[in-house]
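Before anything else, here is the set of structures, which you'll find just below.
Common to both upcoming complexes is chain A, partnered first by chain B, then by chain C.
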Partner chain A sequence: MHDVIFVNRDFLAAGLLATLQISAISIVCGTLIGAVVALLRYLRVPFAARFCALYVGLIQGAPLLVVLLFCYFALPALFGYKTTAYWATVLSFSVFIGAYLAEDIRAGLQSVSPKLTQAALACGLTMPQVLRLVVLPIGVRSVIPPIISQYVRLIKFTSVASIISVQELTGNALLVNARVFEPATILSFVAIVYLIVCQAVSLFGRWLNARFAVRT
Partner chain B sequence: MIDIQNVSKSYGAVPVLQDCSLSVKRGEVVVVCGPSGSGKSTLIKCVNGLEPYQSGSIKVAGVEVGARHTNLPKLRAKIGMVFQSFELYPHLCALENVMLAQIHVLRRSRDEARTRAMALLTRVGLAERAHQMPADLSGGQQQRVAIARTLALDPDAILLDEPTSALDPEMVSEVLDVITALARDGMTMMVVTHEMGFARRVADRVIFMDQGRVVEDAAAETFFAAPASARAREFLSKILAH
Partner chain C sequence: MNYSFDWSALWVHRDLIISGFVTTVELASISLVLATVLGIVIGTCGAVGSRGLRVLAIGWVELIRSVPLLIHMYIWYMALAVLRLPGFACAVLALSIYSSAYVTEIVRAGIENLPAGQAKAALASGLTQFQTLRLVIYPQVLRRILPSLASVFSQLIKDSSLASVIAVADITYEAGALDGMTFRTFEVYAMTLVLYLVLVSIVNQLLGALLSSSMRSSRPSPRELRDA
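And now, the complex of A and B:
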């Protein structure tokens, strides 16, 4: 019964690799977007902060699948460029997760007491230095657990990309199943692989938090 | 060194400082006291530009704090500040707390900053705690690290905003001892405090504030022996009675 997994191991491994790749790129890009948006809103930069609030509100009110389809079909049509399912997926997931990460990071920044900021300023640090050396490191460390759980959510979300025929783990598993029709085996296998990956990321997050969380 | 002339500040319609004037000469220790809400902390925070003021003038070593073109970070590096609630960087150990501004403000090398930080932690009696995080230090120890952090910039003057108010009683003296030693070494200081015994021992002058005004500005002996205003007499009798 497990032959189907063994026989298709290369194809499924390629799918897993794509899942990991999409997740990793989206996590990096999403975190950058989240950090920039969080900073702009934290600093209440005129105009930019409002634009960022609009972005976060829009994304939080949209289903992931709609964002994905929008990036795959609507954006290229609107702006006249060509894309692939793979890059539309990376774009949509980065933008999607970025909005949620922005809110988590902003919460972290706001948890840094204004008095501590004052103390850092009183030492002669400039505002950009205070942000870089004090507010960001302390703020981000205080929200490691929610950030990691966003990453875990994102890894699971990547299965949605199979809808636009991205060859990631779920997509490839469905292709195998279409040939051999052994859904119980194949989907159990897929579920276990996601579970292992997510657990690994969670464990890493727990280690990060234990190592870096700021005690006060 | 510090020259405050006719400074006023209000939050909306509520005045917090009204026409305050005082000066601190080089090497002088000036204690600012008064009931809570009298504007002491606000005034001291105006001196290094942490609080803006609406009128009057504050000059530190001849530089106008409130002027638009004043380089506040540069000015702040020259006048240290110690806060009531310590405000150490919680993500850095004691040593790194004392090193940070040396590296990023004074552009000292890491080695130089570390050597200097170690020397200062030794001076405040915390050499063996250098690698501990603030959360693992007592309040008195944290405040001594905060003092070392301020001294690391070789300031011309230090502002202390109720440096012992957040401490357990048994830790007050270890912090006051460090501050007293600084005063003996000739450091220019402006100290907001309720510790009248300490004020009596180290202050050259005492400023008494009430309702945003400087009510009394007198030599320490004069202030404690015979305060001129009724308000100061009342304050002293209350604070010294218990």
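And now, the complex of A and C:
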């Protein structure tokens, strides 16, 4: 019964690799977007902060699948460019997770006591220095758990990319299933792989939090 | 950008859009109720049950949460095809079980964060275990966890879009069909995004109103109870 998995191990491993790759790129890009948006809103930069609030509100009201289809079908149609399923996936996942990360990071920045920033300013640090040396390190370290849970969410979400025929873990598993039709074996295998990956990332997050969280 | 907009195609096919929207609302509301009930039951077991029950509840949450919703859908639809469930039932099962794991976590944390004296005092004054839960624990916990529940509910509404993959004719599914018929790609998907946004906003507003009305109710707030 488990022959299916063994025979197709290379194909499934390639899928897992693609899943991890998409997750990694989207996590990096999404975190950058989230950090910039959070900073702009934290500093209340005129106009930009409004725009960022609109972006966060729009994305938080939208399902990932529709954002994905929007990036794959609607945006290229609108602006007349060609894209591949892979890059549409990375774009939509980064933009999607960026909005959620922005809210988490902003919550962290706002949890930094104003007394601390005032003290830092009084010591003669400039505003960029205060941000870099005081607000960001303390703020981000206080929101490690929600950030990690967003990452885990993103890894699970990568399965949605199979819908626009990206060959990641779920997509490859469905292809194998289409050939041999053993859905019970294949789907439970895929579920276990996601379980292991997600638990590993959560564990890593718990370690990060234990190591770096700000103790008050 | 030389895309010519044509929104009239949406109006021509409004019956499709409406039926998709209704399906989404049905799917989300049935799953929402089931997920809440399941989450409260398992979450209560995880918080006040025996040691074995607690371990089971935590294991259940970790198992369900670590598997993508799409895989849940496929498991009900393809792996358990022997059950011959229609797509809609599969989507309801997958959505409610998946979301119930999140509700479970919230309920469990809510009960555990309640001061232990509450339950002890209730039991000491002669209430049964079930009465303690119903009259003392739940009213306080539910009010406290309402904001977290609201975010799980809006997540659930958005997650329901994945049902389109197992041929449930929800709004996302109809968007794909409309796109195929009219080729008005941008208009169709922009409209879908707006519809979800409206749905999520309505639910958030409703829960927000519920929250503020429960805060204003004559009963003492959890803070007053704790300080008393």
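Basically, the second predicted complex is superposed on the first by the 216 of 216 C-alpha atoms of A that agree within 3 Å, B and C clash if a C-alpha of one lies under 4 Å from a C-alpha of the other, contacts with A are read in each partner's own complex, and residues count from 1 in each chain.
What we mean here is this: contacts are C-beta pairs under 8 Å (C-beta built on N, C-alpha and C of every residue); 3 or more make two chains touch, one makes a residue touch a chain.
What you see is a predicted model; the values in this text were computed from it and never measured.
Chemist: Evaluate whether chain B and chain C can sit on chain A together after superposition, giving fit or clash.
Modeler: fit
Chemist: Would you check which partner chain A:A49 touches, where first means chain B only, second means chain C only, and both and neither mean what they say?
Modeler: A:A49 sits against neither chain B nor chain C.
Chemist: In the overlay, work out which of chain B or chain C sits against more residues of chain A.
Modeler: Here the partner covering more residues of chain A is C.
Chemist: Quick one: the Cα-centre angle at chain A between chain B and chain C, nearest 10 degrees, please.
Modeler: Between the chain B and chain C centres, as viewed from chain A, the angle is 100 degrees.
Chemist: Output check: A:L64 vs chain B and chain C. Expected answer is one of first, second, both, neither. What do you get?
Modeler: A:L64: touches chain C, not chain B.
Chemist: Between chain B and chain C, whom does A:L133 touch in the aligned arrangement: first, second, both, or neither?
Modeler: Only chain B; A:L133 stays clear of chain C.
Chemist: Quick one: classify A:L116 as touching chain B (first), chain C (second), both or neither.
Modeler: First partner only.
Chemist: Which partner does A:S159 reach: the first (chain B), the second (chain C), both, or neither?
Modeler: Second partner only.
Chemist: Closest pair of CA atoms, one in chain B and one in chain C, after superposing: how far apart in Å?
Modeler: In this superposition, no C-alpha atom of chain B lies closer than 24 Å to one of chain C.
Chemist: State which residues of chain A lie in both footprints, the one left by chain B and the one left by chain C.
Modeler: Shared contact residues on chain A: none.
Chemist: Touching residues of chain C toward chain A in the complex: what are they?
Modeler: Spelled out, the residues of chain C in touch with chain A are 1-3, 62-63, 65-71, 74-75, 78-81, 154, 157-162, 164-165, 172, 175-176, 179, 185-186, 188-190, 192-193, 196-197, 200-201.
Chemist: Touching residues of chain A toward chain B in the complex: what are they?
Modeler: 113, 115-116, 118-126, 129, 133-134, 137-138, 141, 212, 214-216
Chemist: What part of chain A is in contact with chain C in the complex they form?
Modeler: It comes out as residues 58, 60-67, 69-70, 73-75, 77-80, 152, 156-160, 162-163, 170, 174, 177, 183-184, 187-188, 190-191, 194-195, 198-199.
Chemist: Could you pull out which chain B residues touch chain A in their complex?
Modeler: Checking each residue of chain B against chain A gives 45, 48, 50, 72-74, 76-78, 80-81, 83, 85, 87, 89-91, 100-101, 104-105, 133-135, 146, 149-150, 153.
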